[in-house]
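You will see two complexes here that share chain A, one where it goes with chain B and one where it goes with chain C.
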Partner chain A sequence: MAGQLVQVATNTITSAVASVTIYDENPTDNRYIVAFNNILCSSATGIRYRFTTGSGTEHSGSNYDQTSRRLQASADTDHTAPVNQNSVNFTGVVVGTTVQSVNGIIEIINAGLSDQYTYATHKGSHFYNGQSVAGYQGGACLKATQVTTGIKFFMQSGNLTSGSFTLYKQVGS
Partner chain B sequence: MSNLRLISDTTTGTGVEQININDVFSADFDIYQIEVTDFVRGGSADAWFYLRYINSSGSVITSSIYAYAFWQMRSDGTFGQFRSTSNTNSQYTITTSPEAGAMTMYIFNPFLSSSYTFMANEHSCWDDAPHVLMNGKQINVLPQTSSITGFQLYSSQAGRSVDNARIKVYGLGVN
Partner chain C sequence: MSEFGYIPEAPEQSFGNNKGIFTPKDIYDLTRADKYTNLGQLELIETQTHSSDVSDIDFTSLGTYNVHLLTFSSTKGGGTNPQMKVRFFESGVKETANAYANAIQFCDADGSSFNYSKSTADSGIPINGNYMGGVTQGYIYLYNLGDSSKYSFLTFQSSQYSGTYGSRFFGFGSGVMKQSSTVDGINLYNSNAGNFTDFDISLYGIKEY
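What follows is the complex of A and B.
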């Protein structure tokens, strides 16, 4: 993270919500970092993300590809490579109860380039289905051109019940 | 002002087998980025350094409660995993080499008494025998809710060490 990392948006969940969207109101940069921690949820499903454009309008077309290595302490590692999805599942099944929170970092690249795809790398650390620590490490691509201004998080089903999402942009590098 | 706030910047001496970074986690931040660079081996043999956490009493946590998973990718085409749900440390965090390996590690919620402490790291270094590039991805959890204030990197093999490694700890500030 050379240069300065400047916060552009943050959202701390104080009551159950279906989704969280954070975006840059003045999108002038190409590289963003999303940091999230202590995320809890209401049901045992996956947390997904979509990129946004403009004032937080999500791209929900089936244009997301992903490849990730899934690490898990209690089971053998494997990989996942879903294509043409309408969002990116970057956690697998989480429980997110009390102390078993979801945490991670997503880097968004090419965000401000209107004639290029938007890419992201993600790394997470959480409990997999209540068993032990697990996390996806990999990346995703939105195979559509847009100025990406931010990101929307939501559960496959159920709600996000607590935790914080913060969007930073890298400037001066 | 950058939201990436430097908390500590430590350079070890030579022949160091154990690095304790104390009093860097606090209520000021929930997410920490740790950069480890110049991880040059001391002596003539490489050594894996493992991670353990330090609690608010200054004690290194050595009980068999660490859970981790590590995915290793070597340039000789060997890929493999190492994992445990009940270990006395988080193994395979970074290894020394003549070429100075490096690592970026994120630690989540160490000081929060409402959450376990989670970690995700990526490192790039060189293996000893055979001498090949080795990249690793690792996660771990310390399933305790007590406040963690620091961490330790220590050599897994007595007599093997690191020279002049640099460890920077940053907090990700939220306004």
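What follows is the complex of A and C.
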């Protein structure tokens, strides 16, 4: 019973790790969705992502642009749009208290097109710096061509200590 | 012969790792045990459509998922300045206190407004502007609903047409219920005392293995 949204990889953190990489071992599609929830961390920094190619090899060059709107329940909204970064900060500062977890969705676009840039949209819901609920809502682009097979998550500094990342492919896209 | 055509012992079965020859009963039993490889991880839980005007739309069978997706289309509210909001049930009891926080960006298609809405103590989480007299559609991702030790979060995007004001609006944002509890239901309500006069809403679970 083939569906349109098919899980291809998942990683549930059971002890502190510096990074989590999930990728499709049989990349045949152009669109992926990453669902993440209950993510906690060991330090008050941002969570970042990079795209991978092949068997989870990260692209770490300074080729990532992003633009995001930061919304926060106790503060004015603002806008962040860094260019030529070596990764994408899609959360701002998060603090790893037990209940203030990081949750959200990333959609990866053009993943299987070797002659195209890889794009993503991200949306999140978490507590900004332990203050109040917030979310980065925006998009990013890897300004280099590759077949993107997955994604790597890591903290700006410190570790990821719990939570779940799951990669789905949109079959037929 | 033992299960799945193996002699003398059947191998352990799990999602993505099924071995053997399966009868319809085997497939049924393994599927119910989440041990059969049924590809397709967006699972429809329930669809509700309008048959009569109602003030609340409740989904009270959520299944067991870390992430849910709720889609809504052709949704329309009556009353003055209707606005759709989300609340949660905790162990069967609807939380109506100011336990919710949210941060939302609303945009008007004609560029006349770019409103930022936020609250740290609200009785629900708004999903669209308060002009739902037209029609609204969009989707909501919900996180950690069944986890008693976590806050329940959501992200959403919505668009709407205001019949009253003749405008198109777009909104996106984040929300949370700021207390740890087991959420076992989702309540959509028209915050301005009117009814829903039309709706087509589906709730899905996003399966993990």
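Criterion: the second predicted complex is superposed on the first by the 168 of 173 C-alpha atoms of A that agree within 3 Å, B and C clash if a C-alpha of one lies under 4 Å from a C-alpha of the other, contacts with A are read in each partner's own complex, and residues count from 1 in each chain.
Going forward, contacts are C-beta pairs under 8 Å (C-beta built on N, C-alpha and C of every residue); 3 or more make two chains touch, one makes a residue touch a chain.
Fair warning: this is a prediction, and the values are worked out from it, not measured in the lab.
**Student:** For the three-chain model obtained by superposing on chain A, do chain B and chain C clash or fit?
**Tutor:** Taken together on chain A, chain C would clash with chain B, as the superposition shows.
**Student:** Looking at the overlay, what does A:125 touch: chain B (first), chain C (second), both, or neither?
**Tutor:** In the superposition, A:125 touches chain B and chain C alike.
**Student:** What is the contact status of A:74 with respect to chain B (first) and chain C (second): first, second, both, or neither?
**Tutor:** both
**Student:** Output the chain A positions appearing in both contact lists, the one against chain B and the one against chain C.
**Tutor:** 1, 3-7, 10, 35, 37-38, 69, 71-74, 76-77, 98-101, 103-105, 123-127, 132-135, 137, 164, 166, 168
**Student:** Of all residues in chain A, which touch chain C in the complex?
**Tutor:** 1-7, 10, 35, 37-38, 69, 71-77, 98-101, 103-105, 123-127, 132-135, 137, 164, 166, 168, 171
**Student:** Help me check something: in the complex, which residues belonging to chain A touch chain B?
**Tutor:** 1, 3-7, 10, 35, 37-38, 69, 71-74, 76-77, 98-101, 103-105, 123-127, 132-135, 137, 164, 166, 168
**Student:** For chain B, which residues are in contact with chain A within the complex?
**Tutor:** Touch residues, chain B against chain A: 1-4, 30-31, 33, 67-71, 81, 83-85, 106, 108-109, 112, 114-116, 118-120, 122, 137-141, 143, 145, 170, 172-175.
**Student:** Which residues, counting only chain C, touch chain A once they are in their complex?
**Tutor:** Checking each residue of chain C against chain A gives 38-42, 66-67, 101-105, 116, 118-120, 141, 143-144, 147, 149-151, 153-155, 157, 172-176, 178, 180, 206-209.
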